[in-house]
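Below you'll find a set of structures to go through.
Two complexes, one shared chain (chain A), two partners (chain B, chain C).
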Partner chain A sequence: MTAQTIHHPSHQVQINKVYLHPLPVRIWHWLNALGFLLLIVTGFQIRYVDLFGLMSFEAAVKLHNWVGFGVIANWFLWLFYYMASDKVTNYHPDLDAKDFFDRYFRQVQYYAWGIFTGAERPHRVHPHDKFNPMQKLTYQFVMFISAPVTFLSGLMMWDVQRFAGLIEMAGGIRVVNTIHVFMFILFVFFIIIHAYMGFLGSKPSSHFKEMFTGYEEPHV
Partner chain B sequence: MKARLTLGSLMLAAALLAAAPAAGLAEQHEEVANPDVKCLKCHTKNLKKKLEDGERMSLRVEVGEFEGSAHSVIGCTGCHRDIGKAKHPSREPIASARAYSQAQNENCRHCHEARFTDYEDSIHASLAHEGDAGAPLCSDCHNAHAVQSMAAYEPVTGEPCKTCHESIYEAYSQSVHGLAVTNGNVIRESHVQAPICADCHQAHSVSAVAASDHLKNTCLECHEGASLAHEQWLPNAGMHLDSISCPACHSPMAERRVDLQLYDRLEQVPMGRGDKHQSVREHVAAIDAEGDGLDPVELWKLVRRASRDGDGADVVLRGRMEVTSGVDAHRIAPRGSAVRSCENCHEGNAKAFQNVTVSISKPDGRKQRVSAESKVLSSPISVDSVGGFYAPGGTRIKLLDGVLALAIFGALAIPVGHIALGKIIRKKEKDQ
Partner chain C sequence: MKAKPQVLVIDDDAVVSRSIDRVLSDRGYEVDTALSGEEGLKDIENHDYDVVFTDIKMPGMDGIEVARRIRDKYPLTPVVVITGYGTTENEAQASVLGVSGFVRKPLTPELIENITHKALEKPVLEVQAANEPAAPSAVPETSSGLAKAGRVAKNIALFLAAPFIALGYVIALPAVGFYMFARFALEALRKRRSAS
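For the complex of A and B:
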């Protein structure tokens, strides 16, 4: 099912609701959100045990490790779903760079100006092309670079001796930790901005509803 | 049964013979049968030899001691082999009592080749060869004329180690190991063989404590389940056991430090062992002329220099937490008192990371150290130079704390700015 026709009471029009987020994607998204929040909280506790007393260092490390494995498994769920689905087009790179960045800057302009003046959204969503250029570039980076790098560096620190060879290749445990912390900083930044952007739908609750129902909320 | 008569009876015979000159023939027979009698005729007297250093060395042998010694069966010439070859008493000058003992060391080798080889490889021999007057020679541990069999030693007294290492022995005697020995080898209500000095350090092949992981392995030889027990609760247990010396946690009151050792990753050995890397050693000795400790840049330069002058060595700094004194290393407490709290090391500015040294190995395994500022463990420059040592939280890089604060501030400022921008634009639109 890719669309649902609804009757909009205030505007007396028939609106097609696009089915954007299939169930596996929604499950993955919310598990991922919960996992990342736990990883960030326990990460703060591990790094700043002298500043936070939410739990002991030992408990924070154990929880961080378990949640980390959960998030890695969840990432594979996401990967296998998209690899096996025709929706993988959402993550396909745009080969026409000029066109892509033209659309990228139109999207930036929209968020900087148009969104406040009621301008039409420059990107029309479709189940196979649901991300606007800003989202697409960000999610490609997050899912294909940041997440794997964070997982790999986290795995290396989870068992330093098991991954001693890889750690040595990377330049030592301090290098691996620095990469992991740098990714942690990126994710903290990303999650705050991501949550804020969630409020920028036609109504502040629209995007959040979409991630529960799977259907795009109407833009009227 | 001994082939020879005991020395006591010989002495009695000698005394009787001395009192009866008419019996001279019998005396000659005794001397032929046992030349020790002839030696002891003089060496039971208070003879002394003037040495070149001005001291006077006693030449007296206590007959009772020698008779009871393990060496009584080989007699005087068993060790003093050259006595019969030259004029005796010899007029050859002797520099000092120490020099004489050093020369006599070689005599031990004749019968105790394997033990002597062990000794030659030891830190004791290394110090002796360096000219350290306090380094033990054979006769310092094994009294020259009262050598006892191993079974006769009573290690609970700490002898002979205690003679030089008294403060360490005192610490040991109050430790869980020392108390178990004095209480009949009872540890946690079980009868076990608690270790004495030689069990951990070996009697003859005593190596420098810093030379290798042998002491940790020695602990694990008795505490077979220790690795598994640590794995039950300690994340990365193997890594912790590799990079933290056992006493750093099991001697809870000990003062600790982090030692960053120049290490050849290619050969998997500390730099400087076996007469290698002399120029790097000299550089380490001279690098901190001001004595204010190496800062992160100086440390980074040192690693570069060691790589350049290291004869192809792939130089890294291998970090290890250890206790600062041998005394502390022997104050092993019962298991329940060991450091168990992760926060001890993993909180920012942990005390354990305030004391840092950088070291290169000497040829005999001892470490040549130079102190470093504690910030070498938390500087961004150290990502390269101290890449192999990191304790999450405890040695965190402060610059990344700043980047994190900036990221959070930026991430919160963007929505605030965006909302404010929206209000301005809407007001402008409304005004138009």
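For the complex of A and C:
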């Protein structure tokens, strides 16, 4: 295991890098990133067919559908991996709401100005508790709510006749389409913010490297 | 008399030590860390600690051995053993040594604080007496298997409950955020007034 030395008031402490992202999680993450980028590009092409000429409408729809199924399959891999892993604690809800919101706003304060003044990070990462409260709530929402809603609305539009009953229950194809586009907008914002946060490691490249190596260098 | 309760954390994973350090330092404890059992025992020889945390799994001397040596030499020093998942057998082994408590990873600030309070409050000899009848061999395989199954079931149940709780928190977030912001602004205003 790689190590670095930091100063501690009473000891010269040898800090081990934390193995934060197991291989299945890294594979899932990068497949997901590629899938979502393709879905966004083809989604734009489908939605704004007159504005973009990257590919034909038919090709965009076909690619969007195939990649969509790939991303759904990838989501199930994520689900089963975490359900079978002790790292499932990373997605556990915080049952003490007061404590959770206190820590959430400490994290907001840190991102708002603490990070610029060299304040200590309010959350220390651990393989079983790697997300800070802001990340945790975002990922819980994205993985458990936004993703399934996007998949379901996408499936309904993929085969309108097969899912006619469900579409009617949801309020019609326009409602389903609006939900799908709304989720698409959310994901675009999510990816932009996610990429920006990726630069906030101990070095701008740290978090990106970590998603390849699996090891997070602790902030000292 | 010592001004602050002294705590020693022995763990080869410095991130865990630093987490405990951060939580307890914020709450008025003085925390030292050691990266191995050998280093920790040396520290204990030179320093009078009120509580010792030790990880159970460490290269070289493990936490059980550390707890055993502390019990033999410093029977009044409370020892809290840090364990991971599926280590019921190790916990049973440590129980007979009369440790003051176990804390399972992942560690939360509340968990760390509570177990430290408990360790400071409970006389060690009393804990030892209570733990004496238990022996590692007395823990049947089935019970450790059941405990593990229970833990897995609890983990999955919490995982599946996450979307509902997250949705509740997301809905509450704007109102709570407004309240937090107002509280923060009022506090800042009060500080400013008292300073001027």
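Basically, the second predicted complex is superposed on the first by the 205 of 220 C-alpha atoms of A that agree within 3 Å, B and C clash if a C-alpha of one lies under 4 Å from a C-alpha of the other, contacts with A are read in each partner's own complex, and residues count from 1 in each chain.
Everything below uses one rule, namely that contacts are C-beta pairs under 8 Å (C-beta built on N, C-alpha and C of every residue); 3 or more make two chains touch, one makes a residue touch a chain.
If you're wondering where the values come from, they're calculated on a predicted model, not measured in any experiment.
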Touching A:W30 in the superposition: chain B (first), chain C (second), both, neither? neither
Scan A:L95 for contacts with chain B and chain C and give back first, second, both or neither. second
Which superposed partner A:F144 touches (first chain B, second chain C, both, neither): second
So, does A:F52 touch the first partner chain B, the second partner chain C, both, or neither? neither
After lining up the shared chain so the two structures overlap, which partner does A:K62 touch, if you call chain B first and chain C second: first, second, both or neither? first
Based on the superposed arrangement, let me know which partner A:V181 touches: chain B (first), chain C (second), both, or neither? first
First (chain B), second (chain C), both or neither touched by A:T117: first
Classify the contacts of A:F212 with the two partner chains as first (chain B alone), second (chain C alone), both, or neither. neither
Once chain A of both complexes is superposed, is A:V160 in touch with chain B (first), chain C (second), both, or neither? first
Chain A partner, complex, touching residues on chain B are 233, 235-236, 238-239, 242, 265, 316, 342-343, 346-349, 382-384, 386-390, 392-393, 396-397, 400, 403-404, 407-408, 410-412, 414-415, 418, 421-422, 425-426, 429
Chain C partner, complex, touching residues on chain A are 8, 10-11, 13-16, 18, 82-83, 86, 88-89, 91-97, 99-101, 105, 109, 120, 124-126, 128-129, 137, 140-141, 144-145, 218
Residue numbers of chain C touching chain A in their complex, please. 12-19, 22, 32-35, 85-86, 105-108, 110, 155-156, 158-159, 161-163, 165-167, 169-170, 172-173, 176-177, 180, 184
In the complex with chain B, residue positions of chain A that touch it: 46-51, 56-58, 61-62, 65, 111-113, 115-117, 157-161, 168, 171-175, 177-178, 181-182, 184-186, 188-189, 192-193, 196
